[in-house]
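Attaching a single structure in C-alpha coordinates format; questions to follow.
Chain IDs A, B, C and D follow the sequence of writing; residue 1 opens each chain.
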Amino acid sequence: MSESHPTFTTELRVRYAETDRMGYCYYGNFAAYFEVARVEALRSLGVSYKDLEDDGVILPVLDYEIKYFKPAYYDEKLRIETVIDSLSGARIHFTYKTFNEQGEQINKASTTLVFVSAESQRPMAPPEDIATRLFPAYNN
Amino acid sequence: MSESHPTFTTELRVRYAETDRMGYCYYGNFAAYFEVARVEALRSLGVSYKDLEDDGVILPVLDYEIKYFKPAYYDEKLRIETVIDSLSGARIHFTYKTFNEQGEQINKASTTLVFVSAESQRPMAPPEDIATRLFPAYNN
Amino acid sequence: MSESHPTFTTELRVRYAETDRMGYCYYGNFAAYFEVARVEALRSLGVSYKDLEDDGVILPVLDYEIKYFKPAYYDEKLRIETVIDSLSGARIHFTYKTFNEQGEQINKASTTLVFVSAESQRPMAPPEDIATRLFPAYNN
Amino acid sequence: MSESHPTFTTELRVRYAETDRMGYCYYGNFAAYFEVARVEALRSLGVSYKDLEDDGVILPVLDYEIKYFKPAYYDEKLRIETVIDSLSGARIHFTYKTFNEQGEQINKASTTLVFVSAESQRPMAPPEDIATRLFPAYNN
(Lines give C-alpha, C1' and ligand atoms only; values in the text may rest on other atoms or scores of the structure.)
Protein backbone atom coordinates (compact mmCIF):
# COMPACT_ATOMS: atom_id res chain seq x y z
CA MET A 1 0.00 0.00 0.00
CA SER A 2 1.34 3.37 -0.88
CA GLU A 3 0.58 4.72 2.59
CA SER A 4 3.21 2.35 3.92
CA HIS A 5 5.88 4.17 1.97
CA PRO A 6 7.50 6.91 3.97
CA THR A 7 8.30 10.26 2.39
CA PHE A 8 11.81 11.63 2.78
CA THR A 9 12.36 15.35 2.57
CA THR A 10 15.51 17.04 1.30
CA GLU A 11 16.10 20.76 0.95
CA LEU A 12 18.55 22.39 -1.39
CA ARG A 13 19.08 25.85 -2.72
CA VAL A 14 19.41 26.66 -6.44
CA ARG A 15 23.00 27.70 -7.13
CA TYR A 16 23.98 30.45 -9.54
CA ALA A 17 25.88 27.84 -11.55
CA GLU A 18 22.60 26.01 -12.02
CA THR A 19 20.67 28.91 -13.53
CA ASP A 20 20.46 29.60 -17.24
CA ARG A 21 20.00 32.73 -19.34
CA MET A 22 16.22 32.26 -19.19
CA GLY A 23 16.62 32.96 -15.48
CA TYR A 24 15.44 29.46 -14.59
CA CYS A 25 17.18 26.57 -12.92
CA TYR A 26 18.34 24.67 -16.00
CA TYR A 27 15.99 21.78 -16.69
CA GLY A 28 18.84 19.27 -16.73
CA ASN A 29 19.95 20.01 -13.18
CA PHE A 30 17.05 18.25 -11.51
CA ALA A 31 18.59 14.85 -12.22
CA ALA A 32 21.43 15.78 -9.87
CA TYR A 33 18.98 17.18 -7.32
CA PHE A 34 17.04 13.91 -7.30
CA GLU A 35 20.27 11.98 -6.89
CA VAL A 36 20.99 14.06 -3.79
CA ALA A 37 17.42 13.47 -2.60
CA ARG A 38 17.56 9.68 -3.01
CA VAL A 39 21.00 9.40 -1.42
CA GLU A 40 19.69 11.35 1.57
CA ALA A 41 16.58 9.14 1.66
CA LEU A 42 18.84 6.07 1.77
CA ARG A 43 21.04 7.67 4.43
CA SER A 44 18.04 8.32 6.65
CA LEU A 45 17.32 4.56 6.40
CA GLY A 46 20.85 3.78 7.53
CA VAL A 47 22.11 2.96 4.03
CA SER A 48 25.18 4.82 2.79
CA TYR A 49 25.24 4.76 -0.98
CA LYS A 50 28.98 5.43 -0.83
CA ASP A 51 29.53 2.34 1.35
CA LEU A 52 27.36 0.30 -1.00
CA GLU A 53 29.63 1.26 -3.90
CA ASP A 54 32.73 0.62 -1.83
CA ASP A 55 31.29 -2.87 -1.23
CA GLY A 56 31.06 -3.44 -4.97
CA VAL A 57 27.42 -2.65 -5.65
CA ILE A 58 26.57 0.16 -8.02
CA LEU A 59 23.13 1.59 -8.76
CA PRO A 60 22.93 2.96 -12.29
CA VAL A 61 19.74 4.63 -13.45
CA LEU A 62 17.59 2.71 -15.96
CA ASP A 63 15.04 5.38 -16.65
CA TYR A 64 14.19 8.88 -15.56
CA GLU A 65 11.21 11.05 -16.28
CA ILE A 66 10.13 14.46 -15.17
CA LYS A 67 7.20 16.80 -15.76
CA TYR A 68 7.82 20.48 -15.09
CA PHE A 69 4.89 22.59 -13.83
CA LYS A 70 6.80 25.76 -12.97
CA PRO A 71 10.39 26.85 -13.11
CA ALA A 72 12.70 27.09 -10.12
CA TYR A 73 14.67 30.31 -9.73
CA TYR A 74 18.05 31.33 -8.45
CA ASP A 75 18.54 31.17 -4.70
CA GLU A 76 15.22 29.47 -4.04
CA LYS A 77 15.30 26.85 -1.35
CA LEU A 78 13.58 23.84 -2.86
CA ARG A 79 12.03 20.98 -0.94
CA ILE A 80 12.14 17.56 -2.57
CA GLU A 81 9.89 14.80 -1.31
CA THR A 82 11.17 11.36 -2.19
CA VAL A 83 9.33 8.05 -1.97
CA ILE A 84 10.88 4.64 -2.53
CA ASP A 85 7.82 3.04 -3.99
CA SER A 86 8.97 -0.39 -5.07
CA LEU A 87 11.81 -2.87 -4.93
CA SER A 88 11.41 -5.74 -7.31
CA GLY A 89 14.24 -8.14 -8.04
CA ALA A 90 17.24 -5.95 -8.80
CA ARG A 91 15.16 -2.85 -9.50
CA ILE A 92 14.25 0.00 -7.21
CA HIS A 93 11.87 2.78 -8.09
CA PHE A 94 11.84 6.29 -6.62
CA THR A 95 9.34 9.09 -7.11
CA TYR A 96 10.04 12.76 -6.39
CA LYS A 97 8.03 15.93 -5.97
CA THR A 98 9.74 19.31 -5.86
CA PHE A 99 8.22 22.31 -4.08
CA ASN A 100 9.35 25.93 -4.14
CA GLU A 101 9.51 28.32 -1.20
CA GLN A 102 5.86 29.27 -1.68
CA GLY A 103 4.95 25.62 -1.21
CA GLU A 104 3.93 25.19 -4.85
CA GLN A 105 4.76 21.87 -6.47
CA ILE A 106 7.00 22.74 -9.43
CA ASN A 107 7.64 19.28 -10.87
CA LYS A 108 7.22 15.57 -10.38
CA ALA A 109 9.65 12.88 -11.43
CA SER A 110 10.61 9.26 -11.11
CA THR A 111 13.65 7.06 -11.60
CA THR A 112 14.22 3.34 -11.82
CA LEU A 113 17.65 2.16 -10.70
CA VAL A 114 19.14 -1.30 -10.80
CA PHE A 115 21.48 -2.99 -8.35
CA VAL A 116 24.54 -4.10 -10.34
CA SER A 117 27.63 -5.96 -9.24
CA ALA A 118 30.60 -3.70 -10.02
CA GLU A 119 32.72 -6.81 -10.61
CA SER A 120 30.45 -8.72 -12.97
CA GLN A 121 28.62 -5.65 -14.26
CA ARG A 122 25.44 -7.72 -14.00
CA PRO A 123 22.19 -7.01 -12.16
CA MET A 124 21.95 -8.58 -8.73
CA ALA A 125 19.44 -8.64 -5.90
CA PRO A 126 20.35 -6.01 -3.32
CA PRO A 127 22.25 -7.27 -0.25
CA GLU A 128 19.61 -8.57 2.18
CA ASP A 129 20.42 -6.13 4.96
CA ILE A 130 20.04 -3.27 2.48
CA ALA A 131 16.75 -4.64 1.17
CA THR A 132 15.27 -4.95 4.64
CA ARG A 133 16.35 -1.43 5.56
CA LEU A 134 14.69 -0.10 2.42
CA PHE A 135 11.56 -2.20 2.87
CA PRO A 136 11.25 -3.58 6.39
CA ALA A 137 8.67 -6.08 5.19
CA TYR A 138 10.70 -7.08 2.13
CA ASN A 139 11.18 -10.80 1.52
CA ASN A 140 13.61 -11.86 -1.16
CA MET B 1 3.21 10.58 -41.38
CA SER B 2 6.25 9.79 -39.30
CA GLU B 3 8.29 9.01 -42.40
CA SER B 4 8.03 12.64 -43.33
CA HIS B 5 10.03 13.63 -40.28
CA PRO B 6 13.69 14.12 -41.04
CA THR B 7 16.35 12.89 -38.64
CA PHE B 8 19.09 15.31 -37.55
CA THR B 9 22.41 13.96 -36.42
CA THR B 10 24.70 15.60 -33.86
CA GLU B 11 27.99 14.25 -32.59
CA LEU B 12 29.60 15.09 -29.32
CA ARG B 13 32.32 13.64 -27.20
CA VAL B 14 31.93 12.76 -23.50
CA ARG B 15 34.03 15.20 -21.47
CA TYR B 16 35.96 14.23 -18.36
CA ALA B 17 33.83 16.71 -16.40
CA GLU B 18 30.80 14.68 -17.42
CA THR B 19 32.01 11.33 -16.09
CA ASP B 20 31.29 10.07 -12.60
CA ARG B 21 33.07 7.77 -10.17
CA MET B 22 31.21 4.78 -11.65
CA GLY B 23 33.21 5.54 -14.81
CA TYR B 24 30.05 6.40 -16.74
CA CYS B 25 28.84 9.57 -18.28
CA TYR B 26 26.65 10.87 -15.45
CA TYR B 27 23.00 10.10 -16.17
CA GLY B 28 21.98 13.70 -15.69
CA ASN B 29 24.22 15.03 -18.46
CA PHE B 30 22.12 13.73 -21.31
CA ALA B 31 19.59 16.53 -20.83
CA ALA B 32 22.31 18.99 -21.88
CA TYR B 33 23.35 16.74 -24.75
CA PHE B 34 19.79 16.66 -26.07
CA GLU B 35 19.57 20.43 -25.75
CA VAL B 36 22.67 20.66 -27.97
CA ALA B 37 21.12 18.16 -30.36
CA ARG B 38 17.82 20.01 -30.69
CA VAL B 39 19.48 23.40 -31.09
CA GLU B 40 21.61 21.95 -33.89
CA ALA B 41 18.51 20.38 -35.44
CA LEU B 42 16.81 23.79 -35.42
CA ARG B 43 19.95 25.44 -36.81
CA SER B 44 20.03 23.02 -39.71
CA LEU B 45 16.46 24.14 -40.48
CA GLY B 46 17.57 27.76 -40.50
CA VAL B 47 16.23 28.52 -37.02
CA SER B 48 18.63 30.02 -34.50
CA TYR B 49 17.37 29.33 -31.02
CA LYS B 50 19.47 32.25 -29.79
CA ASP B 51 17.78 34.62 -32.24
CA LEU B 52 14.40 33.26 -31.20
CA GLU B 53 15.17 34.15 -27.58
CA ASP B 54 16.55 37.52 -28.60
CA ASP B 55 13.19 38.08 -30.31
CA GLY B 56 11.36 37.41 -27.06
CA VAL B 57 10.36 33.78 -27.49
CA ILE B 58 11.63 31.22 -25.01
CA LEU B 59 11.22 27.47 -25.18
CA PRO B 60 11.17 25.92 -21.73
CA VAL B 61 10.92 22.15 -21.36
CA LEU B 62 7.59 20.74 -20.16
CA ASP B 63 8.60 17.14 -19.83
CA TYR B 64 11.63 14.96 -20.40
CA GLU B 65 12.03 11.21 -20.29
CA ILE B 66 14.90 8.89 -20.98
CA LYS B 67 15.51 5.16 -20.95
CA TYR B 68 19.14 4.05 -20.61
CA PHE B 69 20.18 0.80 -22.31
CA LYS B 70 23.95 1.08 -21.86
CA PRO B 71 26.27 3.61 -20.30
CA ALA B 72 28.38 6.07 -22.25
CA TYR B 73 32.04 6.30 -21.30
CA TYR B 74 34.70 8.98 -21.15
CA ASP B 75 36.01 10.22 -24.48
CA GLU B 76 33.44 8.32 -26.53
CA LYS B 77 32.14 10.19 -29.52
CA LEU B 78 28.37 9.84 -29.29
CA ARG B 79 25.93 10.28 -32.14
CA ILE B 80 22.52 11.68 -31.32
CA GLU B 81 19.67 11.31 -33.77
CA THR B 82 16.95 13.89 -33.23
CA VAL B 83 13.47 13.94 -34.72
CA ILE B 84 10.99 16.81 -34.37
CA ASP B 85 7.93 14.66 -34.36
CA SER B 86 5.11 17.06 -33.67
CA LEU B 87 4.16 20.69 -33.36
CA SER B 88 0.75 21.25 -31.87
CA GLY B 89 -0.39 24.66 -30.74
CA ALA B 90 2.41 26.05 -28.61
CA ARG B 91 3.99 22.64 -28.03
CA ILE B 92 6.81 20.96 -29.88
CA HIS B 93 7.95 17.41 -29.28
CA PHE B 94 11.42 16.01 -29.95
CA THR B 95 12.66 12.43 -29.76
CA TYR B 96 16.30 11.41 -29.44
CA LYS B 97 18.35 8.26 -29.87
CA THR B 98 21.96 8.12 -28.72
CA PHE B 99 24.50 5.75 -30.25
CA ASN B 100 28.03 4.98 -29.09
CA GLU B 101 31.12 4.56 -31.28
CA GLN B 102 30.29 0.88 -31.83
CA GLY B 103 26.97 1.95 -33.30
CA GLU B 104 24.99 0.56 -30.38
CA GLN B 105 21.95 2.53 -29.28
CA ILE B 106 22.61 3.42 -25.66
CA ASN B 107 19.44 5.33 -24.80
CA LYS B 108 16.25 6.85 -26.14
CA ALA B 109 14.60 10.00 -24.91
CA SER B 110 11.98 12.62 -25.61
CA THR B 111 11.17 16.17 -24.59
CA THR B 112 8.14 18.40 -24.95
CA LEU B 113 8.87 22.11 -25.10
CA VAL B 114 6.50 25.03 -25.19
CA PHE B 115 6.78 28.33 -27.01
CA VAL B 116 6.42 31.06 -24.40
CA SER B 117 6.43 34.83 -24.75
CA ALA B 118 9.29 36.13 -22.63
CA GLU B 119 7.31 39.28 -21.96
CA SER B 120 3.98 37.80 -20.93
CA GLN B 121 5.44 34.50 -19.73
CA ARG B 122 2.47 32.85 -21.43
CA PRO B 123 2.37 30.09 -24.06
CA MET B 124 2.08 31.32 -27.63
CA ALA B 125 1.95 29.81 -31.10
CA PRO B 126 5.41 29.83 -32.66
CA PRO B 127 6.11 32.68 -35.10
CA GLU B 128 4.74 31.53 -38.48
CA ASP B 129 8.08 31.62 -40.28
CA ILE B 130 9.55 29.42 -37.55
CA ALA B 131 6.62 27.00 -37.70
CA THR B 132 6.91 26.58 -41.46
CA ARG B 133 10.65 26.00 -41.24
CA LEU B 134 10.09 23.31 -38.62
CA PHE B 135 7.20 21.75 -40.49
CA PRO B 136 7.06 22.85 -44.11
CA ALA B 137 3.48 21.60 -44.37
CA TYR B 138 2.46 23.19 -41.11
CA ASN B 139 -0.75 25.22 -41.08
CA ASN B 140 -1.57 27.21 -38.00
CA MET C 1 44.23 44.69 9.20
CA SER C 2 43.58 41.17 8.11
CA GLU C 3 42.60 40.10 11.63
CA SER C 4 39.60 42.38 11.32
CA HIS C 5 38.22 40.26 8.51
CA PRO C 6 35.72 37.72 9.73
CA THR C 7 35.71 34.17 8.40
CA PHE C 8 32.45 32.73 7.09
CA THR C 9 31.95 28.98 7.11
CA THR C 10 29.85 27.04 4.60
CA GLU C 11 29.39 23.31 4.48
CA LEU C 12 28.44 21.30 1.45
CA ARG C 13 28.54 17.68 0.47
CA VAL C 14 30.15 16.39 -2.74
CA ARG C 15 27.39 15.16 -5.04
CA TYR C 16 27.70 12.10 -7.25
CA ALA C 17 27.19 14.37 -10.27
CA GLU C 18 30.31 16.23 -9.21
CA THR C 19 32.64 13.24 -9.13
CA ASP C 20 34.71 12.09 -12.08
CA ARG C 21 36.05 8.76 -13.24
CA MET C 22 39.25 9.38 -11.23
CA GLY C 23 36.97 9.12 -8.20
CA TYR C 24 37.66 12.75 -7.27
CA CYS C 25 35.40 15.75 -7.10
CA TYR C 26 36.07 17.21 -10.56
CA TYR C 27 38.54 20.09 -10.30
CA GLY C 28 36.21 22.45 -12.11
CA ASN C 29 33.40 22.14 -9.57
CA PHE C 30 35.08 24.19 -6.88
CA ALA C 31 34.24 27.42 -8.72
CA ALA C 32 30.56 26.68 -8.06
CA TYR C 33 31.31 25.71 -4.46
CA PHE C 34 33.08 29.02 -3.86
CA GLU C 35 30.16 30.87 -5.43
CA VAL C 36 27.88 29.17 -2.89
CA ALA C 37 30.34 30.04 -0.13
CA ARG C 38 30.56 33.73 -1.03
CA VAL C 39 26.80 34.09 -1.48
CA GLU C 40 26.31 32.57 1.97
CA ALA C 41 29.01 34.90 3.37
CA LEU C 42 27.13 37.87 1.92
CA ARG C 43 23.82 36.55 3.25
CA SER C 44 25.23 36.27 6.75
CA LEU C 45 26.11 40.01 6.45
CA GLY C 46 22.53 40.78 5.47
CA VAL C 47 23.28 41.11 1.76
CA SER C 48 21.22 39.00 -0.64
CA TYR C 49 23.11 38.58 -3.88
CA LYS C 50 19.81 37.83 -5.58
CA ASP C 51 18.33 41.13 -4.40
CA LEU C 52 21.46 42.93 -5.53
CA GLU C 53 20.97 41.54 -9.04
CA ASP C 54 17.27 42.32 -8.94
CA ASP C 55 18.32 45.90 -8.15
CA GLY C 56 20.46 46.00 -11.28
CA VAL C 57 23.90 45.27 -9.87
CA ILE C 58 25.76 42.21 -11.10
CA LEU C 59 29.02 40.83 -9.79
CA PRO C 60 30.95 39.04 -12.50
CA VAL C 61 34.23 37.34 -11.64
CA LEU C 62 37.43 39.02 -12.91
CA ASP C 63 39.90 36.37 -11.83
CA TYR C 64 39.94 33.08 -10.04
CA GLU C 65 42.80 30.95 -8.85
CA ILE C 66 43.02 27.73 -6.92
CA LYS C 67 45.75 25.45 -5.61
CA TYR C 68 44.76 21.85 -4.91
CA PHE C 69 46.55 20.04 -2.07
CA LYS C 70 44.36 16.93 -1.89
CA PRO C 71 41.32 15.70 -3.75
CA ALA C 72 37.80 15.76 -2.37
CA TYR C 73 35.79 12.55 -2.64
CA TYR C 74 32.18 11.58 -3.18
CA ASP C 75 29.84 12.17 -0.27
CA GLU C 76 32.42 14.06 1.80
CA LYS C 77 31.04 17.00 3.71
CA LEU C 78 33.41 19.85 2.93
CA ARG C 79 33.85 22.98 5.00
CA ILE C 80 34.69 26.15 3.14
CA GLU C 81 36.09 29.13 5.02
CA THR C 82 35.56 32.40 3.18
CA VAL C 83 37.14 35.77 3.90
CA ILE C 84 36.21 39.04 2.19
CA ASP C 85 39.64 40.55 2.34
CA SER C 86 39.33 43.75 0.39
CA LEU C 87 36.91 46.13 -1.27
CA SER C 88 38.58 48.70 -3.45
CA GLY C 89 36.62 50.88 -5.84
CA ALA C 90 34.35 48.50 -7.75
CA ARG C 91 36.38 45.41 -6.88
CA ILE C 92 35.89 42.92 -4.10
CA HIS C 93 38.30 40.13 -3.28
CA PHE C 94 37.44 36.85 -1.57
CA THR C 95 39.74 34.09 -0.35
CA TYR C 96 38.64 30.53 0.35
CA LYS C 97 40.04 27.50 2.16
CA THR C 98 38.40 24.11 1.79
CA PHE C 99 38.68 21.41 4.46
CA ASN C 100 37.64 17.77 4.29
CA GLU C 101 35.89 15.76 7.01
CA GLN C 102 39.24 14.89 8.59
CA GLY C 103 39.89 18.60 8.99
CA GLU C 104 42.65 18.60 6.38
CA GLN C 105 42.89 21.69 4.16
CA ILE C 106 42.47 20.37 0.63
CA ASN C 107 42.77 23.58 -1.38
CA LYS C 108 43.01 27.35 -1.22
CA ALA C 109 41.57 29.78 -3.69
CA SER C 110 40.70 33.39 -4.38
CA THR C 111 38.42 35.38 -6.64
CA THR C 112 38.17 39.03 -7.57
CA LEU C 113 34.70 40.23 -8.54
CA VAL C 114 33.59 43.58 -9.82
CA PHE C 115 30.38 45.48 -9.17
CA VAL C 116 28.83 46.20 -12.55
CA SER C 117 25.68 48.09 -13.45
CA ALA C 118 23.46 45.66 -15.35
CA GLU C 119 22.06 48.58 -17.33
CA SER C 120 25.28 50.28 -18.43
CA GLN C 121 27.40 47.13 -18.20
CA ARG C 122 30.06 49.32 -16.59
CA PRO C 123 31.88 48.96 -13.27
CA MET C 124 30.38 50.95 -10.42
CA ALA C 125 31.06 51.46 -6.75
CA PRO C 126 28.87 49.15 -4.69
CA PRO C 127 25.72 50.74 -3.22
CA GLU C 128 26.78 52.41 0.03
CA ASP C 129 24.55 50.30 2.27
CA ILE C 130 26.06 47.18 0.75
CA ALA C 131 29.59 48.48 1.14
CA THR C 132 29.10 49.28 4.80
CA ARG C 133 27.57 45.87 5.47
CA LEU C 134 30.57 44.21 3.84
CA PHE C 135 33.08 46.47 5.56
CA PRO C 136 31.57 48.29 8.52
CA ALA C 137 34.51 50.74 8.51
CA TYR C 138 34.36 51.24 4.77
CA ASN C 139 34.37 54.83 3.50
CA ASN C 140 33.71 55.44 -0.16
CA MET D 1 62.39 28.91 -26.20
CA SER D 2 58.75 29.67 -26.23
CA GLU D 3 58.65 29.76 -30.02
CA SER D 4 59.36 26.05 -29.98
CA HIS D 5 56.03 25.40 -28.29
CA PRO D 6 53.27 24.71 -30.75
CA THR D 7 49.79 26.14 -30.24
CA PHE D 8 46.81 23.78 -30.41
CA THR D 9 43.43 25.13 -31.34
CA THR D 10 40.09 23.76 -30.12
CA GLU D 11 36.67 25.12 -30.92
CA LEU D 12 33.58 24.66 -28.84
CA ARG D 13 30.21 26.27 -28.64
CA VAL D 14 28.67 27.61 -25.41
CA ARG D 15 25.75 25.38 -24.46
CA TYR D 16 22.53 26.65 -22.94
CA ALA D 17 23.27 24.52 -19.88
CA GLU D 18 26.45 26.52 -19.43
CA THR D 19 24.85 29.95 -19.34
CA ASP D 20 23.73 31.67 -16.16
CA ARG D 21 21.02 34.18 -15.32
CA MET D 22 23.48 37.02 -15.99
CA GLY D 23 23.36 35.81 -19.60
CA TYR D 24 27.04 34.85 -19.50
CA CYS D 25 28.76 31.52 -19.79
CA TYR D 26 29.14 30.69 -16.10
CA TYR D 27 32.67 31.48 -14.93
CA GLY D 28 33.17 28.00 -13.55
CA ASN D 29 32.61 26.26 -16.88
CA PHE D 30 35.93 27.26 -18.38
CA ALA D 31 37.75 24.64 -16.33
CA ALA D 32 35.88 21.97 -18.30
CA TYR D 33 36.52 23.81 -21.57
CA PHE D 34 40.26 23.87 -20.86
CA GLU D 35 40.16 20.16 -20.01
CA VAL D 36 38.63 19.54 -23.45
CA ALA D 37 41.28 21.79 -25.00
CA ARG D 38 44.23 20.03 -23.37
CA VAL D 39 42.88 16.55 -24.11
CA GLU D 40 42.53 17.56 -27.76
CA ALA D 41 46.07 19.04 -27.69
CA LEU D 42 47.38 15.71 -26.37
CA ARG D 43 45.34 13.79 -28.95
CA SER D 44 46.86 15.84 -31.77
CA LEU D 45 50.29 14.74 -30.45
CA GLY D 46 49.21 11.11 -30.56
CA VAL D 47 48.54 10.85 -26.84
CA SER D 48 45.12 9.60 -25.75
CA TYR D 49 44.45 10.75 -22.22
CA LYS D 50 41.93 7.95 -21.90
CA ASP D 51 44.55 5.34 -22.81
CA LEU D 52 46.96 6.94 -20.36
CA GLU D 53 44.42 6.47 -17.57
CA ASP D 54 43.63 2.95 -18.72
CA ASP D 55 47.38 2.30 -18.38
CA GLY D 56 47.27 3.44 -14.77
CA VAL D 57 48.49 7.02 -15.07
CA ILE D 58 46.21 9.83 -13.93
CA LEU D 59 46.78 13.55 -14.34
CA PRO D 60 45.10 15.51 -11.57
CA VAL D 61 45.26 19.30 -11.61
CA LEU D 62 47.54 20.97 -9.04
CA ASP D 63 46.63 24.55 -9.74
CA TYR D 64 44.41 26.54 -12.06
CA GLU D 65 44.13 30.24 -12.64
CA ILE D 66 42.10 32.36 -15.00
CA LYS D 67 41.69 36.05 -15.76
CA TYR D 68 38.45 37.07 -17.47
CA PHE D 69 38.54 40.03 -19.86
CA LYS D 70 35.09 39.67 -21.36
CA PRO D 71 32.20 37.28 -20.93
CA ALA D 72 31.29 34.53 -23.36
CA TYR D 73 27.67 34.30 -24.40
CA TYR D 74 25.21 31.56 -25.31
CA ASP D 75 25.76 29.86 -28.66
CA GLU D 76 29.10 31.59 -29.32
CA LYS D 77 31.69 29.40 -30.94
CA LEU D 78 34.81 29.90 -28.86
CA ARG D 79 38.35 29.19 -29.98
CA ILE D 80 40.79 28.03 -27.33
CA GLU D 81 44.52 28.19 -28.00
CA THR D 82 46.48 25.81 -25.82
CA VAL D 83 50.24 25.68 -25.29
CA ILE D 84 52.07 22.99 -23.35
CA ASP D 85 54.79 25.22 -22.06
CA SER D 86 56.78 23.03 -19.70
CA LEU D 87 57.28 19.49 -18.50
CA SER D 88 59.43 19.25 -15.42
CA GLY D 89 59.71 16.04 -13.44
CA ALA D 90 56.16 14.85 -12.92
CA ARG D 91 54.61 18.25 -13.65
CA ILE D 92 53.20 19.58 -16.88
CA HIS D 93 52.04 23.13 -17.40
CA PHE D 94 49.45 24.32 -19.93
CA THR D 95 48.43 27.85 -20.85
CA TYR D 96 45.18 28.75 -22.59
CA LYS D 97 43.74 31.76 -24.38
CA THR D 98 40.06 31.91 -25.28
CA PHE D 99 38.76 33.98 -28.19
CA ASN D 100 35.17 34.77 -29.11
CA GLU D 101 33.66 34.80 -32.62
CA GLN D 102 34.78 38.41 -33.13
CA GLY D 103 38.35 37.29 -32.55
CA GLU D 104 38.58 39.09 -29.21
CA GLN D 105 40.56 37.38 -26.47
CA ILE D 106 38.09 36.92 -23.62
CA ASN D 107 40.30 35.26 -21.01
CA LYS D 108 43.66 33.69 -20.33
CA ALA D 109 44.36 30.79 -18.03
CA SER D 110 46.87 28.19 -16.96
CA THR D 111 46.90 24.83 -15.23
CA THR D 112 49.62 22.68 -13.71
CA LEU D 113 48.93 18.94 -13.74
CA VAL D 114 50.93 16.12 -12.22
CA PHE D 115 51.49 12.62 -13.51
CA VAL D 116 50.38 10.24 -10.76
CA SER D 117 50.42 6.46 -10.60
CA ALA D 118 46.83 5.36 -10.10
CA GLU D 119 48.10 2.36 -8.13
CA SER D 120 50.47 4.08 -5.72
CA GLN D 121 48.70 7.44 -5.86
CA ARG D 122 52.19 9.01 -5.98
CA PRO D 123 53.71 11.41 -8.52
CA MET D 124 55.75 9.74 -11.24
CA ALA D 125 57.69 10.84 -14.31
CA PRO D 126 55.52 10.48 -17.41
CA PRO D 127 56.09 7.33 -19.47
CA GLU D 128 59.05 8.09 -21.78
CA ASP D 129 57.11 7.66 -25.01
CA ILE D 130 54.53 10.12 -23.73
CA ALA D 131 57.20 12.61 -22.67
CA THR D 132 58.89 12.54 -26.05
CA ARG D 133 55.59 13.01 -27.86
CA LEU D 134 54.80 16.01 -25.70
CA PHE D 135 58.31 17.45 -26.01
CA PRO D 136 60.25 15.89 -28.88
CA ALA D 137 63.49 17.24 -27.44
CA TYR D 138 62.65 16.12 -23.93
CA ASN D 139 65.33 14.20 -22.01
CA ASN D 140 64.34 12.64 -18.73
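Keep in mind that, in the parts below, contacts are C-beta pairs under 8 Å (C-beta built on N, C-alpha and C of every residue); 3 or more make two chains touch, one makes a residue touch a chain.
Being a predicted model, the structure only gives us computed values, none of them experimental.
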**Report entry** Result of counting contacting C-beta pairs for B-D and C-D, higher pair
**Finding:** C-D
Report task. Report back the single chain whose CA centre is most distant from the CA centre of chain D. Result -> A
Report summary line: In whole angstrom, the CA-centroid distance of chain A from chain D equals 34
Requested in this report: Using mean C-alpha positions as chain centres, tell me how far chain C is from chain D in Å, no decimals.
Outcome: 24
Report summary line: In whole angstrom, the CA-centroid distance of chain B from chain D equals 29
Query raised in the report: chain B: which residues touch two or more other chains?
Result: 16-17, 21, 26, 28, 31-32, 35, 53, 74
Query raised in the report: How about chain C: which of its residues touch chain A in the complex?
Result: 13, 15-17, 31-32, 35-36, 39, 48-50, 53, 74-75
Query - chain D - residues contacting chain A, complex - result: 16-17, 19-21, 23, 26, 28, 74
Query - Residues of chain C touching chain D in the complex - result: 21-22, 24, 26-32, 35, 53, 58, 60-68, 71
